[in-house]
Structure formats: structure tokens, C-alpha cells
Amino acid sequence: MPADRADHPELRKALDALTGRFGNAVLAGAADKGELAVRLTKDVIVPALSFFKDELGFNAFEDLVVFDNLNSPDEGGARFTVVYRLFQFPGAARARLAVEVGEGESLPSAVPIYRAADWAEREAFDMFGVPFEGHPNLRRIYLPDDFEGHPLRKDFPLAGRTVGL
Amino acid sequence: MTPFVADVLVPVAKIVAVILYPMVMVVVMIWLERRVVALMQGRLGPNRVGFQGVLQPVADAVKLFFKEDILPRQADKLLFNISPVLVMASSLLAFCFVPLGEPIRIGTITLTLWIADSPVGLLIVLGLSSISVFGVIFGGWASNSKYPLMGALRSVIQVLSYEIPTGLAVLTVAFLARSMDLVEIVRRQEASGVWYGFLMPVSFVVFWISAVAETNRAPFDLPEAESELVAGYHTEYSGMKFAYFYMAEYAHMVLVSSLVVILFFGGWLPPFQSVKALVFLHAVPGFIWYLIKIMFFLYLYVWIRATFPRYRFDSLIRLVWKWLIPLALANFLVVALVRFLR
Amino acid sequence: MAFREIDLNMGPQHPSTHGVLRLKLAVDNEVVLRVEPVLGYLHRGMEKLWESLTYTQVVPLTDRLDYLASLSNNLAYCLAVEKLAGIEVPRRARYIRVILAELQRLASHLAWTGFMANDIGAMSVLLYGFEAREDILDIFEEYCGARLTVHGIRIGGAVHDLDGPLVSRIRAVLEKIPKRLADIRSLLDENRIWKERTVGIGRITAGEAIDYGLTGPPLRACGVAWDMRKEIPYSSYDDFDFDVPLGTNGDVYDRYLVRLEEICQSIRIVGQALDGLPEGEYKAKMPRVLKIAPAEVFHTIEAPKGVLGFTVRSNGTDKPERVKMKSPSFINLQSLEHMCKGNLFSDVIGILGSLDIVLGEIDK
Amino acid sequence: MSEPLERGPFLLARADAFITWAQKNSLWPFGSGLACCAIEMISTAAARYDIARFGMELFRASPRQADLFIVAGTVTNKMAPVLRRLWDQMPDPKWALAMGNCAIGGGPFPTYSVLQGVDRIIPVDVYVAGCPPTPQGLIHGLMTLQEKVGRSRPTKEILDPHARRQS
């Protein structure tokens, strides 16, 4: 997949290596302003993450963000977009790995690769109901275990569904 | 002196005094501690009730008296109820054996400033002060709750360890004075002209550290370490029973300070007794000197509390077994040797 | 003799959990076998709430995330939104932001020193730390009227300009802090008990720390010079000359030293920013209603607790589609179990304290 | 009951005055911090504002020994049962102070997880508004509470244990 612009030569090379390795699984890619942004199919996310960690040197897991595309459909058209943010230290380069997940579909867990992903995945599960297969302890992290619904989904009302105490 | 006065009035007055004196000291101490700690921390401390807040401990006590008394359902009722009493009673009982000064002669009457004069007063006082720890242990266990239990466990180990250096330090004093009678020990210091604290500084230091540890005060306040065990062994106690624990801690501090003063700093003797130029110091009553010295050590308690962080459990035990006990033993041997050679 | 393993519940109401954190501990007598943090007792649904507010209305709510460093949260969010909307912040405003953010770091670290010492049992230091912090809160109060939830940095710049009297007041406060810091250090630095409680406790190696996602002073205490102000400079931080203090052992004591040294560096930065305060506007020209075309940005800053980041996605309206916060305390707390295993119960309090967590940003 | 009897006999009134004097000057707060307001509560106890002057610096870690519950911060639905239990563990007579807008009515968080006011679960005596209230505000709230304690009738509660629950 060709990138639009590249001001970071290493990132450009990294993108080429990634495309070479995963081929058609890389749906889109760009290296811009110190950030390597790629969209992947969800079946290669775990090998891609270990490729980023072991071969490209993105040693730190920064964040895991989930977007609910209910009101503003993304390119893929799936319900959720899950974004992994990685950081390279030293080097100060970022990577943004996006995968699309439909409602009820699960993702493989990134915990075996990045231990820091543990709570982030629990948070995503709690807030959006995206399950992560192979997670060591996938339970709600913030809300009580008997809470119904996933509050950060766009169809969940702000004040909640049931009246509180 | 009529038999009525000698057999009834004087003992009754003494019994009242032996309860009142520690209680007054406790009230003064609580106020002093809160004010002094506050001033050391750049605050003011209680200053609203009474002159400069002196009635603050009284207000606290009255309030606690009118609080609801909670008996947790899971608690062992008997032990839960008696342990505060045990703690308080053992502290107060020990004061019966602590002399406040030489006997006073008023006309033909000789008034002794102690209730019981025992040839082994020192042992009895130490024994009674150790009994108070049973109250802590029972209280923590009877609460049937985890944090109090951990506080009680810590207390057991702490007291077991610190009894040994205390005993060894006290033994050197008994060795020098050839007596276990508290009044006799002071008299011996008067006769020898040097207070034992200056003669045997190591004994004093060992005794003082162990004493701070035995009264569960900072930096050895592990059984009630607030940031770790919530409120330690008295977590489940409320109202007056909690007040007993609270006051007993201060009564115990007063007791230990009195002991330090008697054993190591000449009790009610005025300072510099051998210096001719300072003989006017003898004009001040012995009891005042005694109080001043006790107050100094109570102040030291507060000062230490405001300064030091808290020991961790294992380093506390390491301190006593690796440093204090060998030190006390060596000190004991040296004192014995010197005593033997002289 | 083996004791029975007992489960100990620490929190959600406990004096040393720094809020409403709950730790499920398994202890053998006093040795900690397992630690499981249970979160969510302060989960206020911030991220959901933000989606119903306009971009500018979100700013005051960011104050309530890490309430010990509200200006840092403001800064991180505003930088993300400005990046998204393409707003150019004037140079003077950037300097004012640096001054405010570094003063906030001072306040946060001073409060931390107090809390940490109090957890270990040195309660006087808590009072000394807070007294020094009060001087900085006075500056905030004079600047915009609030002490804690300051809301001093807005999208496009700052709330007010820094005027002459305030500048001289800041200088006066900065001169006082080293003296107060020396008081605290004389009580703790060489204190045997303090060292016994902190040296070698809660050690983590640099590799493990990065693997656990640790950032901020706990990471730098392992000797990793990862400071976002140097890595990806924002808000004119590259104009200033400052060092990144590093530790070597990665234990509680080094975290303490790193934070105290960072206080000194912050004083340096504020001094330089005051000296070089450029003339100009203190805020950018802003449209009355901020509407941003669909896009997504991620921006990080070095907050007192660690790397703080905001993901902001716009959808063409005046309200964000989604705002996601990457909070340093949340990710730092994950390594607690690794650091605590095999230590004594008392150390859990010290280690937890040394991570400098704030439940407001953990639970969001 | 008729009005003069309600005021009670002279002795009881003296006793009331004495007991409430002690109670209002020795309000030991329960050291419970929930959110931002907790920091201002600690600031109030710190050197600059120093509530020790009122005899209130003994922040008890155990609810069994506290008289005053300062609800400082946002109460979430997850925390609410815990809070209620802590309140029940406090011995009578006890008072509650809702500090900050979150504790008063949910504050800026009208969300699915926040309890919209702590007075839904425990009876609140004094409300202190602010987000967070300044230490001066909290001290004013505490002095207001002292006035309220001064007006209470402890002897009536002692003679009739159900009086407090009914009022």
C-alpha cells in the first residue's frame, strides 16, 4: 500500500516492511509527522503487534481507543474501530494500528505481547462490550459486574437506562 | 494521729490521688501533645475551649462518654468488654507503686507519697505495664476483624521482643542500687551523687527506646499504624471503650516517663546537688523537680512523633534483636565487671 | 511455622489508598502474595459526558480528572483540540501555559511528597508540603480565582494575561520553595527509617517498566530518560534549558529523589519563562462556535504523574464525537502487583504512594 | 407535648448545654475522601487553615470513632452502598456534611454512574456548596454545624432512644 507523504524515512521503511510482511492484510497506511498510521484486518492484529514490538522497536504500548461508528460510519462500515497506539522509545515515533470490529465480534488479546494492554482491554470491554479473546482476566473494570449495557456505545443514554438509587 | 485519720482518711485520700494524678497528667499530656505537634508543624492546634484550648481533652472525654457504645455482632463479648478495662486498670494500678517523693512530715504525722512500698516495686511496675499489652491483644482478637487482629499480632511480637532489653537495662540499675525498691533507688542516687543516667548512658538509651516501643508510640506505633491498619487493634471500639484505650496510652507514657526519671534521673532530687553554688535549687520542692523531669520526657515523646517516619515491621524486630539486645547484654556485662572489681 | 493465607480488603475506604481505590490483597501473615486493584468507585462517566458537551465546555471537566494537577489536564486537552482545529497559539500564550503547567507540577509534587511521607508515618512532612503548596495555590487564586480546579488554560490560549504584580509574586514564591524543600529533605533524605522503608522497595527494571507502560517519575527512577517535554516538545518547551532527573535503582527512594529534583527543574523552567516572556497576545483569535471537520488526533504531554494524552475525534459539529483520555495513573497502577509481590503489607502502602495515583483520572 | 415541657426542666437544659458544648467542640471527622473535595478537606486540616483550632484535627480512620461524616466528593452508584455501610458503622450521635456540589446533587455529572446527591442515602445536616468549596467555605460549614449541634437536645435522646431517629 503506498503512503501519501513521508517525512520520517525510518517510518517509511517500517511501513514498507509491514506491507511486505502482511501484504493484503494492510488495508491502508501512512507515515506522517512522526506517526505511522495503518489499518489492518483484524485477523492479523496479534502478529502485527508482535512485528511492531520485536522488529520495528515500538516497545511501549500507549493506549487503546475504541470508536463507536453508529452515527458516523467509518470506511469499513463495521460498528467499532479499535485503535492501538504504540510508542517507540528512544526515537519518539508513534504507531496507530486500526482494526474494524463488528458488533458481537471479538478481537484477540494483545496482553501476551504488551502487558500494558491488560487494563486497557478490560476498559474497552466494559465501555463498549468488545470482547478480547485470550485475555487473562476479562471482567468489567469500572462498573459493577451486574451493570447492564455498555455506556460508551452511542445508543446508551447519558443518564443510564435504569434509575439509580 | 487518730486511728481514724491514719487508717481511713489518709488511705482514701491516697486512693483518690492515685487516680486523679495520672488522669490530670493524661489530660495535660493530650493537650500538650496536640498543641506541641501543631506548633512543630506550623499550625496552632486546639485553642477554642478554655484558656488556649486546655479543656479540649475534657470536651473529648465528655463527648466520648455520651457516644453510642457499639458491640460488633461477631465480637467475643467478654474479652471485647474487659480488654479496655484491663489496659486502663493495669496502667493505673502501677501508679500505686510509683513514689512521688520522700515522705513528708507534718507535725507528728509522716505522710508517705506512695500507696504501696514494696521491696520489689520495680518488678511489679514492669509486670503491670506488661499486663496492659494483654488488653491490646485481647481487644484485637476479640474484635474478630482482620485489621485489629493484625494490630494485635504486631503488638505480641513487639512486646515480646522489647521486654528483653527493658529487663536487661533495668537489671543494671538494680545492680548498682542493690535494690529493687523505687524509693531506695532514688536514695542511692542521692548518696552516690551521680544520677544513673549519666553513670550508665547505654542503659538509659536502651531503656528509653524500649519504653517508646512498649507504649506503642511513633516511630514504633505499628499496632495502630493509621496508614496501614486503619486504627489497628482498636478499630472496632467506639465511645468510652475507645476512650479507655486512648487514655491508657497516655497514662502508660506518664508511667514510663516516671520510671525513666526515677531509675536514671534521680526522681525528685534537684539537679547539681553536689555543686555548692547551686544549692538554692534545693529550695524548690522535690515534687516540682520530679514533674519537670517527667514533662521533659513526655515532650520528648511528642518531639519524636513529629519527626520520625514509622518503622517497618521487620526492621523493628531487626533493631531489637540485632542491636538493642546485644548492646544491653554487653552493657550488663560491663556494669557487672565494674561492680565486681570495685 | 506457616500461617494461613488470608484475604485482606484494603479500601475502598482506607486512609492510604489515596481516594476510593480498593485493593484485594492475599497475605500470608504480613507477606503479600497477590494484589488485585478494584477500580471504578469514582467512575463518573466523564467520557460519555464529554460527548454531549461542546469543545469548550469539556475544559472545566478535565480539571476534575487529576485534581492535583488540573492545569496539566487543561493543557493536554486544549493542545489536542488546537491540533485538531489547526489553531495557532501565540507565543506569549504558550509561555504563560508553560509557567502555569510547571507551577502545577510544583504543587502536585509537593502534595505528593506530603502524602508519601504521611503514608510512611512522617506526618509533619505532610503539613510542610501542603504549606509550600498553598503559596502556589495563592498564585492560581490571584490569576483566575480558583485554587484547585483552576481551569486556567483554555482552547486557544490562557484565561488572563500575566501582569506585573503577579509575575513578581511568582518570583517571590519561587524563591521561598527551595528553603521549604530543604526543610523536608533534612527530615527525610538521610533518615535511617525513611531509607529502610524506601530503598530497594518496589523495584522494577527499566525493561519491565516500559513493558508495563510505566511513565513519568516512576519510569525515570529506573534510569529511562523518557520525558515528553524533550521527546516531542509542545508549547515551546524546546525554548527552555532544563534537565531530566534520572534515578538508577527504580525503587521508591529513587522516585522520591526524582520528584524532588523535578521540583528544582520546574523552578528553573518557570524562571526562564518569566525572564523571556514575549510580548503579544495571551490567546488566539477564536471563532465564537468551534466546529471541527471530521478528523482524529492524539496528543500527549508530560503531566506530573506521567504521560497524559488525549484522543479527540471530531464529526463536523461543535461537539466532539469521542474524547479518550490516556491517563498516566491508570497505566502506572497496573504495575502495582508486580512491585508488591513478596513484600510486606507495610510496603504496599509505600509503593502505592510512590506511584502517585489520583483516582479521578484512573476512574474517569 | 406542650411548649414549656418541650423546653424541659432546668437541670436537663443545663446538662444539654454541657453535653452539646463537649460535642460541638470535639467533632472528630471521619477521614473519608472521595474526589477533588478531599484535597480541599486536607488543605483545611493543613497548616494554613488548621481545623485543629476547633478540636477537629483528629481525622479518625475508623468510622467507629468518628462523629462527623464529611462526604467530600462525587458519590458513584458503586460507592454508595459502601458509604451507607460506613455511615451505619458510626455510633450515634453523628452528623453528616455534604461537601461540594457532587455530594449535594451530583454536581456537573448527570451521568449513568453518579449518585445524584448523597442525601438519597444518608441524612445530611449541613451542605457546603462549591466545586470544590474553599477551605474557608468548609470551615463556615463546620461552624454552622457547631451551631446546629449546640441547638440539639442530647438528654432527650438519652431518655428516649427513638427521638433522634424520628426527628
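Every chain is named by a letter (A, B, C and D) in the order it is written, and numbering of its residues begins at 1.
The rule is simple: a contact is a pair of C-beta atoms (placed from the backbone, for glycine too) under 8 Å apart; a residue touches a chain by one contact, two chains touch by 3 or more.
The model shown is predicted, which means the values in this text are computed figures rather than measured ones.
Check A-D against B-D and say which one is joined by more contacting C-beta pairs.
Looking at A-D and B-D side by side, B-D shows more C-beta contacts.
With chain centres taken as the means of their Cα atoms, state the distance from chain A to chain B in Å.
Spacing between the chain centres: roughly 64 Å.
Please report how many Å separate the Cα centroid of chain A from that of chain D, as a whole number.
47
So how far apart, in whole Å, are chain B and chain D when each is placed at the average of its C-alpha atoms?
36
For chain B versus chain C, what separation do you get between their C-alpha means, in angstrom?
For chain B versus chain C, the centre distance works out to 45 Å.
Residues of chain D that contact two or more other chains, please.
46-47, 61, 78, 110-113
Where does chain C touch two or more other chains at once, residue-wise?
As it turns out, chain C has residues touching two or more other chains at 14-15, 40, 43, 45, 48-49, 127-128, 131.
In chain A, which residues are in touch with two or more of the other chains?
142-144, 151, 156, 158
What are all the chain pairs that meet the touch criterion?
Every pair of chains meeting the touch criterion: A-C, A-D, B-C, B-D, C-D.
Going by the contact rule set out above, which residues of chain B touch chain C in the complex?
So the residues of chain B in touch with chain C come to 37, 40-43, 146, 150, 153, 218-219, 221, 225-228, 230, 306-315.
Once bound in the complex, which stretches of chain A touch chain D?
The contact residues of chain A facing chain D are 142-144, 151, 156-161, 164-165.
Going by the contact rule at the top, pick out the chain D residues touching chain B in the complex.
Going through chain D, the ones touching chain B are 18-19, 21-23, 25-26, 46-47, 50, 52-55, 57, 60-62, 64-65, 67, 89, 91-93, 154, 158.
Touching residues of chain A toward chain C in the complex: what are they?
The contact residues of chain A facing chain C are 34-35, 59-63, 65, 67-68, 71-72, 83, 85, 89, 92, 94, 96, 114-116, 118-120, 127, 140-144, 151-152, 156, 158.
Taking the touch rule as given, give the residues of chain D at its contact with chain C in the complex, in rising order.
Residue positions touching the partner: 31-36, 38-40, 42-43, 46-48, 61, 73-74, 76, 78-79, 82, 86, 108-114, 131-132, 134.
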